[in-house]
Structures are given as structure tokens and as C-alpha cells.
Amino acid sequence: MIPYLLFATFIGLLFHGIHRKVIARIQGRPGPPIWQEILHTLKFSFKETWIPKTASQTLFVAVVFVAIGIWSGALYVLLSGGSLLLLFGVYLLHKIVEHGMGLSSGSPYGKFGAIRSVISAASELPLFVTVIAIYLFTRSLSIADIVAYQEMYGPLLIVAFPAAVAMYLIILSKMHYGPFSIIEAKEIVSGNMTEHFGVWRAGLEVGYALKTYVLLYAFVLLFIGQLPLALMLLVMLLVLISLSFVCAITPMLSPYDTVTVQSLVTGALVIYIVILVVVMG
Amino acid sequence: MQGVSGVNEILAILFAAIAIIGAVSAHIQHDRFNKIIAVGIIFGGIIPFIVDRGYLDIAILVSLIIPITTIIILQVCRKEKRDDA
Amino acid sequence: MAIPPYTLGLLVAVAGLIIGFMAIVRERDDLHRILLTDLAEVLALVLIALVATDLAEALILPGLVVGISELMAVSEVYIAKEGLRKPPAKPAFRIEIMDSAPGILALILVAYGIVLSGFTGGVVAAVGAVFYFMCRDHAERFELIETVSGYAWAIWIGAFFIFMFLPGYWLFGVMMAGGAILLKVMAKMSLVGTMRGGSNV
Amino acid sequence: MFNLPTENIGGQELFVLEFGDIVNYFSPYTAALFAFALIFTALAIVSRPERQVDIAFGGDAYYAKEVDVDLLRFQRFMAIACGLATLGAMVSGDVFNFTLFASLVGITNIGIVAAYKNKHVLNAAFQYGIVAMLATVPLFGGAAIILASTGTLSMWELFADGVVVPIIAKAFLVIGVMGEGMAPFYVAKAEITRAQGAPFILMVHVSSLLLFLRVIEIVISM
Amino acid sequence: MKANQSIISRISAAVSRVENLTALYALFFVVVAVLGLVTLPSITYYDDQLYPKTIIPESSLNPYDRGGVPFETTPVKAQYPENSPYVGYVTTYLTPLSQWLADHTHHFGTTIVAHPGGIIDEILYNTRGLDTVVETSILFVAFGIASYLFRRDD
Amino acid sequence: MTPELILGCIILIIGVIAAGFPRPRTYLSRLICLEIPGLGLLLIMLAYDEMLALVTFIGVTAISTFVLVRVIERRGPE
């Protein structure tokens, strides 16, 4: 498990670098090298570290460990074929990490980031719909069962396309530099991460890398099916690049607009679910 | 279930009519004192139903507490009157 | 064609809920909203009452007490929010019944409430106490009553553990539970009566 | 003695806790949520709140707010109560019991927030309080409809295959939990977040998210 | 509100005001309730309920006469009787006072049953005791909030 | 289907309309109108012989009226 975790972290950080590079190229900039994020993380690990005097100290440190902990747990669930609900539970709990990070520092920028993170709580809703849609098809929420279902009946991407769109939106709203990433918009410095530096920042980067890896892996696993590792990574990369395209060409929405957009998408999906229920009985 | 039969039926309809009249007039009346009186009328229509089922302790208790509720409401009525004056 | 009573009741209750919530949608004033919330609670109780078993009744009692305690908390938040700190002026004149009745009425209700015990008894006794405090403008020792109700709560938890782990002593558990819940509900709710004046001894 | 009928949703039951008719259970899913709630309750107990830094505009001046001890104690009490309520709701095996725990979460959330003297925060707390009270209506109503139409409140019976739970009751439960925890109704929460006391404010979010996760499990399983 | 705003910004503007929160929630509820209204006639009452009510008008314990002799048990239709080994004992229990009332009067059934013992106490304290724990805690917390706010004003 | 149930339903609906859209629209008139659905609920409980719940409900109504009166008093008439 530990080697796999390191591997996933490495890939996740690499993906972050590729994400930045692709966005830069689309926007006509040279962009940083793709291993930039790995170097970042290493650099932060060896920098001086302390806790701001105004911070709520225990919480300030604890969120970093929580962030790494929940995403490691999510990776374990994903690989062992556990419950899909648990995976999505972790996704929601990531929100708590964001709040905790911003609020605990006492810095106004961190607080603004946390408030925006609260505002974007509506991104939970497409998730709920995705879970139900998948359940309607597979009649099970165990990831192993879902993979087995896809081996028998073909990928869910085709039959449950709207659910895949919803999940895509969920991943998009967690990507850096995307239309929904109001939490770390540049006008509030680094948002809720502003005060976390040194080792804490490195820890967060690790947690985020794991998050990206898990979300992309889950998307491929849930909607396309189990693939060999190399192929899996390739498909994940393709999904990532498509996300980078979206991030590069869409402007960041204003905080409340993100909510409206996500809620409207959810509304459309609820209608889809109702139709599904009626059709499938 | 206990049915209502014979003479009781007429009485039941009568009391029900009282309660409904009270409810409707409580809505229609504009004056606050009239409203309170109308609520009292509903209560008058309801209490026979409780007694008819043989729950005397409830009937006594309800007749004690409803007036208390009315007195509590009267506290504000009184105030408003003074404020109007 | 006869509509089953349950379906009729359900339709009436949900129709009532729709009307009531429509009123909330249109309401802009905060105090009116509190009042309408009280209306909504009544409709929720209708839904439970329609089940018509002993279990339903046992579910209504908690539902009622939850409603009143949340109402209390929210109305206090409202007072704090609007800054209505000043206690109200005394009524301009008093009706005669408010001088003669409280003692005897309160006594009857409290005595009867103690006989009843449990939630019901607590509420009935509390009505008596509230009425008494209201008419006499009493300022009670706040901490004392709160401590009493805190202990009562602890006793009830003890009774709960008797039922769960030493069921043989059920009689003891019933007595403890009945007494403790009576005390707790009554103490808490009669505090309401003393909170009116805005003074705290 | 019991077999959880819905292994394919939250996993097999690991441990069963009986309180008479109310049989609580730990499946991998509920146990994970329980553990998470436990972590944050512990954090609320041990950590001190942050001191918010306010910047005076137009200059370099800034000042840190001091922590009010009385407020801190009250908030900590409420946060712990909220944590306990969340713990209870996570493992509850009875629909009505779950709704009661949800209302307890709602009222403790009001308590955490209402302690501030800031007018905006109080206003948000009030609006939130009204919604939390309204939310008890669909919660209890949903539980009552379930009881009337299936004859039981125990999730062990309701999760079984043959039992049909009316869709409106499920919808009521979800709406109720949304109201108690404010999951998508973010506006009041955003205001609330401005208040001081990170470990306690965080409890508001933790409880609401966990409640939401739990109700999804319940609704899907039924 | 400017005319050239998109529909999304308009919705966002309305939703972002905290004063609209209650109305928004109520509206949401109304929509669901109206949609649910059509399914209501299909909901049927399940006849085999737990803790059913039996009305014996002649009994002095009416409407709560569930049979049994004090200090003996009586059949109670609980969900999991095996979890509460002493189920039914509280139901039949009558204190001396309530025994006296039951022997001498006919219309005080509610008073007798509200007094310690009886089916409601059985449910509230024994089989569904956890509900009562939570509920008294709600009372505790709510009044804690109210009295904190009440006392803080000076 | 007992007469109490039918009467209760009728009064409940009248009461909900009265309390939801009171005339005149003042705090006090709404407070008084709130009594009406309460009495409707009382009748419904009576129809199903839920007497303990009924007693508790009546008591709670009195106390909640007091709570509301306290707020209205401080708020002043409108």
C-alpha cells in the first residue's frame, strides 16, 4: 500500500504539472515544466515551518493530516472495491478540510477562501444525483459490483451519460484554475491555503495530488471499467487534458454564479433521474 | 369506533356546526376581541365531543387550560389598546 | 366510494402543509415567520397523529417538546438580533381574574401535573407555573432551576441505563424516569414564565 | 441475530448496538462516518479558537481579536453536543431516532452561531433557525408516513427487499436533512462562517455534511 | 437590478440574500409537496401496525386498557421483543393511587395511564428509550441557548 | 370515519388558511388564528383516542403562546 501511495502521489503531482502546462500552452504561454509541482512539494518540505500566532493551532495542523488521511483512505476504498458511497463521503469531507484550513489560520484571506468554499457547497448536489443514477443501473454501490456490471453490459459512460457529465463537473469543480475554483482565486491571494507554508504546504500538496489521482481513477473506473494500469493512466491523462482545455478557455465564474450553475445542472439531473425511475420502474 | 346514533346525531351535527361557525368567524372577524370570542365558540363546539367519548378528566383539564391561553393572549390585546389610545 | 380515513387525513395534512408553506414563501417579516413556523409544527403533528397507534402517541410527545424548545431558542435569537432588550412596560390595567385566579389555578395544575408525571405531567405543571409567574411577575433564581433540571436529566439517563442493562429493576426505572422527566420539563418550561420581565435575580 | 439486508450499499454490518426497539449498527460506511465525526469532536474539545486578524483599511494597521472566555465555553459545549448528536445520527438504526438526532444537530448549530453579538451573524443564525425548525416538519412527517405505510420504523425492516417506502416520504427525509444541515442552502452558512471560533464553526459543516451523507445511504437503501 | 444581467446572475442575486433563505426553503418544500400530492392516494395504511390501539369503552382504563395484571406481563407488540426482556411489565403496572382511581371511577383512564406505568411509559422509557434521551437533550440544549442569550444582555 | 375526524379536518383547513393569510395582517390576529388549527389537531387526536398526546398538546400550546406573546410584547404592535 505505501509504495502505491507514493506512486499515486507522484502521478498526481505530475498531473498537476501537466494541467498547468496544457493551460499555459492553450493560452499561448510557455508555462512551467511539467515536473514543477513535484519540485514545489520537495522545496516546501525543506523550508522553515511554523504556525501563525493567531491560528487555532491544533486545528491548523490537524487539517493537513486529515487531508492526507481521507484521500489515502479513499484510494484504499477504490482499490479494494469498497462502497462507492464511502468514496463520495470522502469527497464531501474534503470540503471540511478546505473550511478548516481557511478558518483555522485567522488570516482574512484564509477566511475569505473558507467562506467561498462554504458557498460552493452546492457542488455536492451533482454528486448525489450521480450516485443514485449509478445505483439505478447497477443496483449496487459496491465498486467491485459496478466494475463487474460494466464487464457484462458495457461501460456506464454510454448508458448513463448524464451521470458521467455530472461526475465530470464534480472533478472540474475541484481542479485548479477552473471556472469553479473560486476558493483559490488570485484576488484573495491563495485563498484558504494562504497561511499554510513549509511542511504543512507540502503535506497539503501531497493530499491534493492524491485527490486528483483518486478522482480521475474513480471516473475511469466507474464509467469505463477496469483497465490495465498503463492504459488506465493513459485514459486518466486524456480526461485530465480535456479538463485542462475547459479550465483554459472558460473564465472563472463569480462565487454565487457557480452555485447557480451547479444547482441548475443538478435540477436537470434530477429530472433525468425521475425519468429513469419511471422508465425502469 | 363509536358511531353516533339517533338523537345524538342531531346534537353532533349541531355542535359541529357551532365549531365550524366559530372557525369561520374567527377568520372573518377583524376586531381582535371578536376573534378571541370566536375561538372560544369553537372550543364550545368541541368540548361536547370530548365528553361524549367519556374522557371527563381531559374535558376538565382542557377547560382549565384554554382560558389560561386566552388570558395570556389578552395580555397583548390590552397593551395594544393602550398604545392605540 | 369511501375514502379511507388515512388517505383523507393525509391529503388534508399535505394540503395544509402546502398552504402553510406558501404563506411562508410570501412572508417577509421575521416575527411573522416565527408564528408561521408554529403553524407548520401543528401540521407535522397531524401527520404523526394519523398513524393512530400507541407508538404514534409516543412519537408525538417528543415532537411536541422539540417544537416548543426550538421555538424558545429561535424567539430568543430574534430578541437578541432585533436588540429588544428592554423589558416591556407593565400593562396599563389588570383584569381582576389575574389577581384571584393564579394561586388556585396554578395549584390545581401543578398538583395534577405531578400526579400525571412524565412529559404530560411536566407540561401541565409547567402551564400552571408559567401562569403563576406571569401574573405575579416573579423573578426566580435562574441558576437554581437550571441546576435542578440538569440533575433531573442525569437521573433520567440513569433510568435509561437501568432499562437497558438491568431490566429486572424496571419498576425503579419507571419511577425514576417519570419523576425526572416531570421535573425536567416542568423546570425548563416554567423558566419561560420568569424570563418575561427581563430581570434575573 | 440480525443481517443487514443491504450489504451492497454500505457494506456488511460490523457491530450492532441494541437499545430496545432501536438497533444501531456499524457498517463500514457508517463506521467511517462515525470515526470522522469522532475526530472532529475531539478537535473541538482540544483546540482553542483562532484569533481573527482584521485589517484596518487605508493603512498598514491590523489587530487580532481577543477570545472571549465565556463565549468560548458556551461554544465548546454546543460543539461537543453537536458532535455527539452527529455520532448518534451516523449509527442510528431507526428512522425516527435519526430524525430526532438530526433536529438535535440543527438546534446545536443554532447555538454555536447564535452566541455571537455581531448583528449579521445573529441575523443569519435566526434565518437558519427558522429553516431548521421548518425542517423538522418534513423530517417528522416523512417518518410518520413511513410508519403508517409500512408499519415499522426500524431500518433493518425497511431495507429489506419486499418493503415499499413511499417516494414522498423519502423526499421529505432528504428535504428535512437539507434544512437541518443546510447542505445546499449555503447563504446562511456563508454568513455564519464569518464568525470567530474555527473549531466550533467547523462542527456546523461537519455535522451537516455527515448528516447528508447518512441520509443518502438511508434513502437509497430503503 | 440591471437589465443586461444574465438569468444566472439574477438567480444568484436573489439566492445570495440571507433574508430570502426561508422563502427559498419553503418554496422548495412546496414544489416537492405538490409533486408528491399526486402519489398520496396510492399510499395505503398498513394494517399490521406495531403497538396497536384497542378501545374497550367499558374499562376504567379506557382508552389505554392493554390487559394484564400488575407485576405480571402482558403481550406487547414491540418491534424486537427479544431486546427488551421485561417488555409488558410497565404496561400492566398500576401505582396504588391509580389502582384506587381505577377501582372507583370510570372516566379517568388518561390520568391513570399518565401516572407511572402504562403502555406509553413502556414505549417512551423501555422499548424506545433512546428517543427520549435525544429528546430531553434537545430540550436541554435549546433552553441552554435561550438562557445564555437571555442572561448575556448586561 | 368518525365525525370527529371529519370535523377536525375541516377546522384544520380553515385554521391553516386563517393563520396563513390572517386579516388583518398583524402579529396578534395571526397569533389568535394559530389557535384554530390547534383545535383541529385536537379533534383529530380525539378521533384516534390519543388522549395523552392531546393533553400534552394543549399544555404546549399554552406555553408556546406565552413564548410568542413575550416576543410580540417586546416587538410592539404592528
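So that you can tell them apart, the chains are marked A, B, C, D, E and F in the order they are listed, and the count of residues begins at 1 in each.
In this section, a residue touches a chain if its C-beta (ideal position, glycine included) is under 8 Å from a C-beta of that chain, and two chains touch if they have at least 3 such contacts.
This one's a predicted model, so the numbers in the text were calculated from it and none came from an experiment.
Chemist: Spell out the chains that contact chain D while also contacting chain E.
Modeler: Chains that touch both chain D and chain E, as defined above, are A, C.
Chemist: Using mean Cα positions, find the chain sitting nearest the overall protein centre.
Modeler: D
Chemist: Which one of the chains is farthest from chain A, going by Cα centres?
Modeler: Max centre-to-centre separation from chain A belongs to B.
Chemist: Quick check: more C-beta contact pairs at A-D or at B-C?
Modeler: A-D
Chemist: Starting from the mean Cα coordinates of chain A and chain C, work out the distance between those two points in Å.
Modeler: Between these chains, centre-to-centre, one finds 46 Å.
Chemist: Between chain C and chain D, what is the gap in Å from one C-alpha centre to the other?
Modeler: 23
Chemist: For chain B and chain D, let me know how many angstrom lie between their CA-based centres, rounded off.
Modeler: The separation of the two C-alpha centroids amounts to 40 Å.
Chemist: Would you kindly tell me how far, in whole Å, the mean C-alpha position of chain F lies from that of chain E?
Modeler: Chain centroid spacing, chain E to chain F, equals 18 Å.
Chemist: Got the chain B residues that touch at least 2 other chains?
Modeler: 1-2, 55, 58, 61, 65, 68, 72, 75, 79
Chemist: Scan chain F for residues touching two or more other chains and write them down.
Modeler: Within chain F, residues 2, 17, 27, 31, 40, 48-49, 51-52, 55, 59, 62, 66, 72-73 contact more than one other chain.
Chemist: Tell me, which residues of chain A touch at least two other chains?
Modeler: Residues 259.
Chemist: Show me, using the given definition of touch, all chain pairs that touch one another.
Modeler: Listed in label order, the chain pairs in contact are A-D, A-E, B-C, B-E, B-F, C-D, C-E, C-F, D-E, E-F.
Chemist: Name, in rising order, each residue of chain B that touches chain F in their complex.
Modeler: Within the complex, chain B contacts chain F at residues 1-4, 12, 16, 19-20, 23-24, 26-28, 30, 32, 35-36, 39, 42-43, 46, 49-50, 53, 55, 58, 61-62, 65-66, 68-69, 72-73, 75-77, 79-80, 83.
Chemist: In their shared complex, at which residues does chain F touch chain C?
Modeler: Result: residues 1-2, 5, 9, 12-13, 16-17, 19-21, 25, 27, 30-31, 34, 37-38, 40-41, 44-45, 48, 50, 52-53, 55-57, 59-60, 62-64, 66-68, 70-75, 78 of chain F touch chain C.
Chemist: Considering the complex alone, what residue numbers of chain C touch chain D?
Modeler: It is residues 6, 10, 13, 17, 21, 24, 30, 33-34, 37, 40-41, 43-45, 47-48, 50-51, 55-56, 59, 62-63, 66-67, 69-71, 73-74, 77-78, 80-81, 163-164 of chain C that touch chain D.
Chemist: Under the touch definition given earlier, write down the residues of chain F that touch chain E in their complex.
Modeler: Counting only chain F, the residues touching chain E are 48-49, 51-52, 55.
Chemist: Using the touch rule from the top, collect the residues of chain C that touch chain B in their complex.
Modeler: Within the complex, chain C contacts chain B at residues 88, 91-93, 95, 97-98, 105, 108-109, 112, 124, 127, 131, 134.
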